[in-house]
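Look for subunit A in each of the two complexes below; its partner is subunit B in the first and subunit C in the second.
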Partner chain A sequence: MIDLSLTEDQRDCLQELVNVAMGRASDKLARFLQTFVHLRVPAIELISAQVLPQSFAEAYADQGVSMVSQGFYGERGVRGESILFYRSHDAQGIARILGYEPEEATEVEQLTDISSILTTTFLSGLAEQIDNHIGYSAPRVVTSDDTSIEKHLQQLSFTWELALKVDISYQVTDYAFHCDMVLLIPGEAIHSFQQALDNILNEI
Partner chain B sequence: MLSPKTYDVLLNRLNLGVIVVNSAFEVEFINHFIETQCQVNYSDSVQQPLFSLFSDLPEAWLKRKIQSVFVLGTPAFSNWEQRRHVFKMRHTRPVTTQSDYMVQNLSFLPLSQNSEVVQQVAIIIEDVTDTCFYQERLQDTLKTLEHTSQTDALTGIANRRFFEERFLYEFARAKKQQLELSLMMFDMDRFKSINDFYGHQAGDYILQEAAQLITQQMSRLDVFARYGGEEFCLILPQKNIMQAHQFAESVRQKIYAHDFVFDNRRIQTSISVGIAQLDEDSESFESLVTQADIALYQSKREGRNRTSCYKK
Partner chain C sequence: MTEAVLICDDSALARKQLQKQLPAQLATNVEFAKDGLDALTRMRNHKFKVVFLDLTMPEMDGVAVLQHNQKEALCDKIIVVSADIQPAMQDKVHQLGALAFVKKPISNDHLVDILKEHGIHD
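Right, the complex of A and B next:
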């Protein structure tokens, strides 16, 4: 049995890493989108993947939701899957943020593109800090409006043990845009994360 | 350790297309795969602008995509399900598949040497024509299967399975939104005699022809199904029992007046109809079926070729 819990020091350290990663991500995004990107300090939460389906099904019960998944794999056993959740009204008009012409990309393509950008910029920022290098698989829309989110998450929770929930809230000039990001991480990879956190803590 | 020469061989033998571009969108490298599939050669290609070397590229989108890799320093992707091909290429299965061009998955990878600055972007092109072909075949098969599982083979209208599925849905919807809903069930009169006298093929013809006639008369919302044997049913959403009765009578008269001609012989036939409507006491869709059935047998008892409404 792997101890999934983090010590208080490890948790603080992780929050700091996430803050820095987010800062770097929004910095890069602002350059790419050539606009001001406002980013709230992300709240992180470590939860067992088993409770994820229920908590998210409740949070998104009232409306349609789209989920985009992207796998990642790094050195020393760091790997997992990133899931981004968009409410229907947030999924519209992403073309504007990306600078595409409206007819140029379908809504699904816009969703996978923005998801890939958010996931890879954030995770690369995280990886740099723990001296790791991460590769990615192509993003996929795993569910759209009419499929049950709970069903999808239940299938995922068989594969993964721990979920790092990061609430991202992006605001791009006059266009408010929000999505939730969840990193699903298997047990042995959490070990790698804990190890990386301890290494940083020991250096201080 | 591989020698640079071996790296070169490997890159050129890969079953993947590799194009390297710089930040001015000029081609710096193409591998053998690209040479053969796009019918260009290496020496004519390098230092050419990407968008003049390959025609018909979705320029604005592709530029934005490549730019994102330069600026963000992270990979980007394009999936065939959203965009079947970006580069127009021949593929290895031109005979067996229906695609004109190679169906592609693309990865855009940042290349940098010992610094964070991205110097080039590698575009990796994967041939997924096969995947696309089988996926589409699967979708087609699923559609056919779905249709077959919902259709009555003889008459081409819905079958009982589909009727029950839809009725369950319409029943719940009408209850929830307090909409009117009626159910009509009918039976071909003396069908056994027709079979015995004119033969089973004549019986089949009667069923097919009657189904055709009624299909022409029903409205868009109605669901018409063969319940079994010579028994049919119609779900009539947004109709109360008066409206359902009016509709049933027009159907009954039409069948009775119609010239069914089989093998040059004119066959006269009629139907007996029972109708029931949803009310506050209706507990399940099965109870409505039972009520319509009771009304149908009342029509039979009272001499056939008539319509009866269920009364409590």
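Right, the complex of A and C next:
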């Protein structure tokens, strides 16, 4: 049995690590976009991967969704799959945020560009704080109707046991976009995370 | 009586980490605030030697605290400690009267250098 739960101290610790990692990602994004990114405290939640397909299918039921999926591999059992979810409306606005001309890059390329900045900067920032190093596989874009998103998530939730949900909202000077980031991780990775959090907590 | 130090951060971990990094003289007399509103209330009631202020917080963020502080002249030594490390944000807090900007996670040497530079610690 995997203990899903984090203690209050572990949760507070993880939240702070996420805040610092998100700050790095925003800074990278702001430099890339040459604009100011307004940062909000990201809400984090640890849930069972099994409930993920349904919960996301429901959350995005009203509109199309695009997903960018990217694997990551670290040390001491820290590995998993990072997924960024964009509502179609937001995905279309990304070209404007990125300052691309309509014919300059496809929507898939735009999503890949912005997602790799967010995912790799965020995860590398998180890993650094728990003394780990992370490598990445190439990102994959899944843009389609809700049914196949649910199917894709179902396949992923067979492989992974836990999901760390991080709600990210970015307000870029004159344009708002929202995306959800989900980190799917196996049971042994959460043990490694818990150990790393305890190490930090024991130091203070 | 020495004036207290105020540490304002919504994370308990960040508050404790910062207190631990302070030189011993300062670390013994510390008050904590868990968000900007809490900090502002305390700053209106007490004169603090130095205020360490996080930016991204619920209730009231650090930028709003700096704006109020500028209007009410509550404390002239505010050091921002934040994960929001964008250059534009660093410029903004300096314009709002912050003494210095410390990036999270904090390095102990850097913090002590800043305290010395501004005559808060010798």
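Heads up, the rule we're going with is that the second predicted complex is superposed on the first by the 199 of 204 C-alpha atoms of A that agree within 3 Å, B and C clash if a C-alpha of one lies under 4 Å from a C-alpha of the other, contacts with A are read in each partner's own complex, and residues count from 1 in each chain.
Operating definition for what follows: a contact is a pair of C-beta atoms (placed from the backbone, for glycine too) under 8 Å apart; a residue touches a chain by one contact, two chains touch by 3 or more.
Note that the structure is predicted; figures quoted are calculated from it, not measured.
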Partner chain(s) touched by A:Leu201 [first = subunit B, second = subunit C, both, neither]: second
Touched partner set for A:Tyr73, first subunit B, second subunit C, both or neither: neither
First (subunit B), second (subunit C), both or neither touched by A:Arg24: second
Partner chain in contact with A:Asp12 - subunit B first, subunit C second, else both or neither: second
Touching partner for A:Pro139 - first (subunit B), second (subunit C), both, neither: first
Overlap of subunit C and subunit B interfaces on subunit A (superposed complexes): 31
For the subunit C and subunit A complex, residues of the former touching the latter: 10-14, 16-17, 20, 56-58, 82-89, 104-105
Contact footprint of subunit B on subunit A as seen in their complex: 28-29, 31-32, 98-101, 104-106, 108-109, 112-113, 116-117, 120-121, 124, 135-136, 138-140
Residue ranges of subunit A touching subunit C (in the complex, touch as defined): 9, 12-13, 15-16, 19-20, 22-24, 26-27, 30-31, 36-37, 39-41, 129, 200-201, 204
Complex interface listing, subunit B residues touching subunit A: 58, 60-61, 64-65, 67-68, 71-79, 81-83, 105, 107
